[in-house]
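Next come two complexes, and both contain chain A; in the first it sits with chain B, in the second with chain C.
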Partner chain A sequence: MSDAVLQAGTRPARSFAWPRAERLRKGLLCAYAGLFFLFLYAPIGLLLVLSVNDSEVIGLPFKGTTSRWYAYVLTTPELIRALANSFALGFVSAGIATAIALMMAMGFRREFPLKGLLMKIVLLPILIPGIVGSAVFLVFFGYLEIPFGLWTTALMVHITWALPFAFLTIFPRLHGFDRGLEEAAMDLGATPIVVFRRILLPIIRPGIVATFLFAFTLSFDEFVRTFLVIGTQRTIPVHLWTLIIDQMAPFLPAVGVVIMAVSVSVSLIGFALTPKEK
Partner chain B sequence: MRSPAVPGSRQALLALPGALWLLTFAVLPLGFLVVMSFWTTTIFGLSTEFTLDNYATIFSDSVYLTILAKTIRMALITTVLTLLFSYPVAYFLAGLSGRSKAVCLLLLFMPFWSSYVVRTFLWLPMLGRNGLLNTLLMKIGAIDEPIDVLLFSEGTVHLGLIYVYSLFMILPIYLSLDRLDQRLIEAAADLGAGPFNTFRRIVLPLSMPGVLSGSVMVFLLACGAYVTPQLLGGTAGVMFGNIIAAQYLNTNNWPLGAALSVVLVLVVLAGMFLVGRKAKMEEIFVGGQH
Partner chain C sequence: MSKFSSAPSGPSRRMFLRTGAGLGAAAGLGLWGTTAQAAASIDVVMVNAAISGPLRSVLEGASGGKINDAPWQSTTDVVSRLTAPGGTGRYDLLIAGSDFVRKPIMGPRPGSELVLPLDTAKMPNFGQVADAFKKDVADRDGKVYMVPVFWGFDSVIYNTEQMPESDPFTQSWAPLFEDKYAGRIAWYDAAHQMIMAAGLHLGNPKPEDLDGKDLDEVVRFLISRKKNIRTIWSTFAQGTNLLATGEVACLYGPIPVRAELQRKGFKITNAWPKEGVLSFAHSAFVPRDSKNLEASQAVINAMLGKDYASQVTKASGYLSTSNLGSQDFSPEERKRFGYGVLDGSTKHHGLGFPPAIAKWIEGWNRVKSA
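== the complex of A and B ==
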């Protein structure tokens, strides 16, 4: 059974009993998948085109290429500040969330009371709909009179949002880890700290980096849980939102492309670092 | 001899910061929201006297009930449409192998790795008056004037939600199809089953766990949608999430907003318990990185 599972990923479906139906099925399936990818990428392609369109309104016709919208985005103080805020917030909240998640995943390798319940509570921030999550924090922080801002409320919201994902990414890696190695080191007299630094950490480091990058993109892209509690400060998605609601300024596609470029490239690095199972 | 000195109970303490964090910032605020849903707002500020007024308002005012029903209906339609569009894609991906599979999976993930505000905003220039679709339709002569019906309708919201959430459907279905033992299909073919019967009797039942997880996930996300209906829905596409936000952005009625939130969470939980018991939720949430 287990080698069948291994093979399933590498062997294409092959059925000799119905070759014609098989060819037709393959052809239709490929055509459909092509259409689906067109559906995914056509709007993104359009955004790229519009971000360099030399026109005062967002839309067609295409009036020639310009780099002025990107120049505008990268020289406007509010936009740079919002971008810098998002980078800083993503960095800090991903770092804290990853650290807490790593500790929690290590704790989860042992048995302790209420472990099953905690495993369910971990999912809570994901299961609560975004807008409710936003209301929850607004009411909670508002009633406690914690001042709204980037490094107060938004930071706590982003850590809480990224924590479950970080935990769920890191936990399986630690769970499958051979405990014999650690036990051998302990037998030879290594302290728990040394065991962690010399054995566990080197092996799971790629997993930790990938988790950190994943948490960073979660924070960098987060909007709905943030916009009610960030006060007058702006992250880049929150700033983009206020710009869309205010007026459809012609530089908006360029802002969109910049945001996409950051999260896609960070995710790609994380993807490349993630050890592949097959 | 194995050493018994493996840091057992002390290592379990490492779970404590996470547990405390979740208690403080997930359980406690949610509990407080539930408490506040039984309060009221007056001209003097919050009245902390226990009352069911907010729930009475929600369940007697047809506006809230209509939008709640509409939200559930729209979430169901979105889920079914996403399932129909996604299944063949997942099936296609599971049939690939080697390099082409890796490339296609990467191509699938990439759009979903970026902010959903941007991915929703994308549809404004696609469907607007001087958008791509109107331009194309005018070029082929299907219409003479740009049409407005493409944007700001319920249909636009469905489209936006499918675009933003289809990965959460494709991924679990793909994972269950990918695990499927190919020998079962060959055996069915050897025993004389046609392609249709093989699909209906073997492939489809075995991919049901993936279908269930994906459907629960998309339903859950669609129920709580705020960004998509706000940007693409106009007045025709208002959903429950927009009503909740309005209590905090416009009318400043926190207790009513809290009660509306509780109602939405109960709907989502009910949906999960109805179909989601068998689904493996953990697998979907981290899917984007595997």
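== the complex of A and C ==
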């Protein structure tokens, strides 16, 4: 009885105080979220602004709108070549990394000796600092006398870099796959290859596409591991580096926007191809 | 009958063989392409600015083929590339800071050189190397291994709208360290250069020899003056933009920074410090296993020739080590570009390699983290 009275007595007070505290909490939360997104996206917004700033320097004040930096970027052969190299290298390395990751993920569905250790080894490139990895590759390719180039050393470096991420992306898809479907197909006489092509592949295809796109963006943005082993060719991040170390390069924000547009487009394609939860 | 019996039976052995043959052919074509290209081109590592614009066509015309320039990072990076396993066969021509590279490329004794001897008879312009840079020619047993091809200097580079040229204070290294321009100063993120400049400013006649207590004193001086700086810059784009936007009034910088900003019309110039500008030369050498010695020598010769030597200063800010480089400039231009270093009218101090470089780097890291 006394509890009921107490509760009855406190309820109005609580219900009176609660909205104000809740409003304050919500306000603080909104302010925090607003600041969070401001810090996250303001630099990107600034990059967009600077890319059309009609100024010889990268910075403010804003001196009018121009498209000349984009025109420069899209008509300079070295930049186009570097961009094409990045695209080509990204596609090939992502394709190979995805294929290897898929095969490994299928293998890792089974139990075998030293599985845990092998898994750690597969993920090792993520843990090695980029500059250390770069030096290791420089020495490694030197001992093997592999000529530097886009399709030799740079390709290997990019595959090695993208592979663990590709594996981490695709493995959960396969791990959660209903093995009963495969077993049912095999009961009906399908060979392992046929099961893979007719059962597994169609179901995990969105995962493969997402893995490929993720690997592509990793390759497209890669700089540290590529720099020492690409020889005289250039990907777009490597070319950008050469520009900033000996030029004022007022077109740099425009290059940044183009690179960002590629990465965002690839991500959007990935989202579009990912099946929606029902 | 199996539901799947009519389905395609998956990749066959023939398909694997076909794919393998295709990849092999592609790889083969790639290698053939590389080999075919190597005969008509040379691979170089050098400061990108020194092969930019009209300079490239001069050098390619001399070599008779294409010049593939690898991305430049630093002299240290060039040495790393050369001394890494297989490094002596990856490039045909390397150009980097003379003082730093001499020891590693020459090795301790005859026969241990990582570079090929150059045939000076095939480089008629070799005789044009200015007396001031003869010391940068690396030779052993009568053979020449390294030839200085261009040079430059570092100084205080400043905005004349914020720091009047008439201010005598500007004609020293002092603006980088004293309170007068506090808050409008940028240092360069390089242990070697910053400690050399501070050493000169503090009156040390041979700052490259700084070690022990003397080095510690310079480091402590830099730490005490760090309060005056706005930032520490690390890339050319960053340095030029800091000055061009007026964010800083002065900075420690290599002379191409001034050249680029003046070319674009900014009111920027450099100090001629009474303690001396910090000068350095870049020298060319051909790695031991290069297959293109002749073409590389032709490029070195061209860099000392009149076409290249007379254009390099206006195109990049660097100056030619060749006597032919400044022939066409007026006395005023010679002075402004820095050729006064050669005739003694401009004081300079060589950016010599410090024997205690590891301690310098450690000291600079202390400055940055202070």
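Heads up, the rule we're going with is that the second predicted complex is superposed on the first by the 254 of 278 C-alpha atoms of A that agree within 3 Å, B and C clash if a C-alpha of one lies under 4 Å from a C-alpha of the other, contacts with A are read in each partner's own complex, and residues count from 1 in each chain.
Definition applied: a contact is a pair of C-beta atoms (placed from the backbone, for glycine too) under 8 Å apart; a residue touches a chain by one contact, two chains touch by 3 or more.
These numbers come from a predicted model, not from an experiment.
Upon superposition of the two complexes on chain A, a steric clash is found between chain B and chain C. By the touch criterion defined above, A:Thr160 lies against chain B but remains apart from chain C after alignment on the C-alpha atoms of chain A. The wider contact with chain A, measured as residues touched, comes from B rather than the other of chain B and chain C. Of the two partner chains placed by the overlay, chain B and chain C both lie in contact with A:Tyr143. Of the two partner chains, both chain B and chain C are touched by A:Ile58. Contacts of A:Arg234 after superposition on the shared chain: chain C is touched, whereas chain B is not.
After overlaying the two complexes on the shared chain, residue contacts for A:Met248 are found with chain B and with chain C alike. With both structures placed on the common chain, the touch criterion links A:Thr217 to chain B but leaves chain C unconnected.
With chain A as the common frame, the single stretch of chain C that clashes into chain B is 74-82; none of the other options in 20-28, 74-82 or 344-352 do.
Comparing which residues of chain A touch chain B with which touch chain C, the overlap comprises 57-60, 138-139, 142-143, 228, 241, 244, 248, 252. The touching residues of chain A, when paired with chain C in their complex, are 56-60, 138-139, 141-143, 145, 147-149, 151-152, 185, 188-191, 193-194, 196-198, 227-228, 230-234, 238-239, 241-249, 252. Across the interface of their complex, chain A is touched by residues 2-3, 5-19, 21-23, 25-30, 32-33, 36, 85, 88-89, 91-93, 95-98, 101, 104, 106-111, 113-119, 121-126, 128-132, 135, 163, 178-183, 185-186, 189-190, 192, 194-195, 198, 220-221, 223-224, 226-227, 231, 241, 244-245, 247-249, 254, 257-258, 261, 264-265, 268, 272, 281-282, 285-286, 288-290 of chain B. Of all residues in chain C, those touching chain A in their complex are 2-5, 7-11, 27, 30-31, 34, 43-44, 47-49, 52, 68-73, 77, 80-81, 84-87, 89-90, 235-238, 240-241, 244-245, 247, 256, 260-261, 264-265.
Interface of chain A with chain B (complex): residues 1, 4-5, 7-18, 21-22, 25-26, 29-30, 32-33, 36-37, 39-44, 46-47, 50, 57-61, 100-101, 103-104, 106-112, 115, 118, 121-132, 134-140, 142-143, 156-157, 159-160, 163-165, 167-169, 179, 182-183, 186-187, 192, 210, 214, 217, 220-221, 223-224, 228, 237, 240-241, 244, 248, 252-253, 256, 259-260, 263-264, 267-268, 270-271, 274, 277.
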